[in-house]
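Going by the order they are written in, the chains are A, B and C; count residues from 1 in each one.
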Amino acid sequence: MPEVVVSIGPQHPALKEPVNFKVIADGEKIVRLELDLSYNHRGIEKAAEQRDFIRVIPLLERVCGICSHSHATVFSKGIEEIMGLEIPPRAQYIRTIIAELERMHSHLLWLGVAAHVIGFNTLFMWTWRDREAVQDTLEEMSGNRVHYGMNEIGGVRRDLTPAQVEAALSRLPALEERIRKYVEMVNSEETMLIRFRGVGTMSREEALKYGAVGPTARASGVDYDVRRDDPYLAYAEVPWNVITDTRGDVYGRTRVRIGELWESTQIVRSCLENIPAGPIRVDTPKKAPKGEILSRYEAPRGELAHFIRTNGTDRVERVDIRTPTLANWTSVAVCLVNQNIADIPVIVAAIDPCLSCTSRLTVVNREGSPVVAVNRVLPVKRDPDSGEDKERR
Amino acid sequence: MTDPVFILLYIFLFPGFFFLIAYALVLAYLDRKIAARMQQRVGPPFYQPFADLLKMLGKEVINPDGVDWRVFDAIPLVALAAVMTAYLYVPIIGYSPFAFPGDLVVVLYLMALPTIALFLLGWLSRNIFSAIGGIRAVTQLFIYEVPFFLALLTPAIMAGSWSISEIVVWQQHNLWIVFFQPIGFIVALIGLQAKLERTPFDIPEAETEIVAGPWTELTGRRLAVMDLTLDISLVVGSALVAALFLGGPLVPWTLSPPWLNSIAGFLLFLAKTLSVLLILSSIKVATGRIRIDQLNDIGWKYIASAAVVQVGIVLVINYLWVTP
Amino acid sequence: MSVLREMLENLLSRPITIMYPKEKLPIPEAFRGRVAITDDKCIGCSKCSLVCPAQVISMTDGPREVEFRGKNLARKKRPQVKLFKCIRCGLCERHCPTGAIHLEHVHAGSGTDREVVVT
């Protein structure tokens, strides 16, 4: 067959959120990929400029449903640092517990979605069943299964009662047992192995060149985790390991995520058992001093960065959100070349895409004309000496 | 036996088309229920496939631009007619009244028609997803059809006849053929799973990759007819495997009143097809979908060679048995 | 194989689906449900209306007398919540000085009466 354009999206059963892939394929092999990421743009960065510090936190929480605590925490962390506030340790521990529980539920969700994408619906049903235990814990602690609303500037909104700590600790052993089973399943289940191994391989140099972050990069051997390299919350006081892998294919990313699941259960257990007593918030001034800060956080999908600029009022002047999925799309465009059409959903699902997080692009035209907001990432050629690198962020 | 009223009742009532459609819906329900329970879900109620069929028959039919709607209407009906005809030659309550030497080949040919129909539908819908799905359907047909035919040919060699009913009668006097040919049984089950396009071989219909493949542009009554075709293929396929390997509907000893014999045979037929369905459902639940080039690899390297080995073994057994 | 064994065990045991509405799961204490206002405690300070991120609380007429910190005050306004637009973040509950507006421990229901939609 000559080259055909297979347009995946914006509505497609493989996609959870709208995105447009124009795949130019020769038979079953992919030649080129063009992405259009603009479908979920909601103007959140602009809306955040008009809300004061109390009202902006729920807005930023709702950038994404699965990583909502990440956005709220990284913003609060940044503003607290600008204001020069010292958060009580109990609040740090509570924020860490919720953050790791969020990572657990996100990785379990991802495992189910990865299994569903290759048609293995049984593992999808089982992982989402186990995810219910994490959701129940989160609902008991915060009142809602997503959009926890635990953060405020200056600390945490509600405290953990001893009954909640008890209930959460009692759910952990069953989860650990299931995670061990999933490790065994992923290593021995034949259809998963042949669909995941050798698919979408990315070397360490390519991961560094194209700016991949999170488990996508750690599976290619890039040993970088914001929780260790730029510590925040309670991560410096709790023992845990960074999981890396050298394979760089979808199987490697699966192993990294399951390893992180295990580490998260250990962090949650350690924090729940050693949580210090004390107040959960401090009084905050209404206005923030003038300043700029880049606040970073390890979201379940990778490194999340908020650039915040304040100007002495009780609102931010500018908040710019760089989500991990935005950094990982280029690696998808790179990994997809010369793979089969059947591997598109697998490789896309392997970066754990969250389009709600991603859709806020600005392109600066280097030729000197004014800044234009464009929503297209152009195709990337994999060959390193192909001339200009056509990727623009 | 040649009484025309009897023949008409056999074709249309029992065990003819009425029973066939009812049993197809029952097997579809059991398949979904077993798969759901294995995944710790509840599963659909017993009337679900019937309700789906009725609902789809009443839905609007959408003709895509530039597609010849008469051909689109006709192709699912041709596929349905093919599998329903194939059903008549498979023994349900005993010797089939339409049996003749060579009906095994006719049944296998008629069972391959739905896949050709899917390819035609994929090709004629002016839709890239359907075209890719149709091509995958025919590629898959080439890959699994050779081992499937070989595996179903070995019981014919062993029984010395090309008629399914004769093979069943041969098994009544000797053991079930599955004891002589376990490899053939496994290859036949894998081939059947591939023919019915169920996981791990649901490559033409891969929902997360190509929307619904050749099924994408089927709507309304065409989708109902095509779904029913696939359900009936499940019945005919499992009945065929049960007849050729598991002894079919004949009891090893004849009971005295002939109607008791028929009833016992019918119950055995139900039990055997249900066990084949149990195995097929378990395979569907336990695996994920593989790629078409991986199927090419596995199909020719392992499945086809297993089938050829089985043919060799059967020829050796026959030679040792028949000659001395 | 672990998958096959688990499949068989699941086949022979009950499914884990909670058959709502015949069975229900207990709702946790901290659950953020429908907004409710206790009129005797509300002192009409409008703080809930100011902090609501979705701007669904408006202050309407509701003259009454309340007791606050030992004094009897005459208040003119009471809050009114558009329940269907509320995002249940709980900021009103967090910032109310008397605890008059709070999130109830129930799932918000549907209904046709006006009380369900506006409180």
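The definition used in the following text is that contacts are C-beta pairs under 8 Å (C-beta built on N, C-alpha and C of every residue); 3 or more make two chains touch, one makes a residue touch a chain.
Please read these numbers as outputs of a predicted model, since none were measured by experiment.
Counting C-beta pairs in contact, the chain pair with the largest number is A-B. Averaging C-alpha coordinates per chain and comparing to chain B, the farthest chain turns out to be C. Centrality by Cα centroid goes to chain A. Separating the centre of chain A from that of chain C, both taken as means of CA atoms, is a distance of 30 Å.
Our note on geometry: chain B versus chain C, Cα centroid distance of 55 Å, whole angstroms.
For this pair, chain A with chain B, the centres built from the Cα atoms lie 45 Å apart.
Of all residues in chain A, those touching 2 or more other chains are 122, 126, 129, 189, listed in ascending order.
In chain C, the residues that reach two or more other chains under the touch definition are 1, 3, 7, 16. Taken residue by residue, chain B touches two or more other chains at 38-41, 285-286, whereas all remaining positions touch fewer. The touching residues of chain B, when paired with chain C in their complex, are 34, 36-43, 282, 285-286. By the touch criterion given at the top, residues 38-41, 128-129, 132, 199-200, 202-203, 206-211, 285-294 of chain B touch chain A in their complex. Residues of chain A touching chain B in their complex: 4-7, 12-14, 28, 115-123, 125-126, 129, 189-192, 194-195, 340-345. Those residues of chain A that touch chain C in the shared complex are 51, 54-59, 61-62, 122, 126, 129, 136, 139-144, 147, 149, 152, 157-158, 164, 181, 184-185, 188-189. By the touch rule above, chain C contacts chain A in their complex via residues 1-3, 6-7, 16, 28-32, 51-54, 87-91, 94-95, 103.
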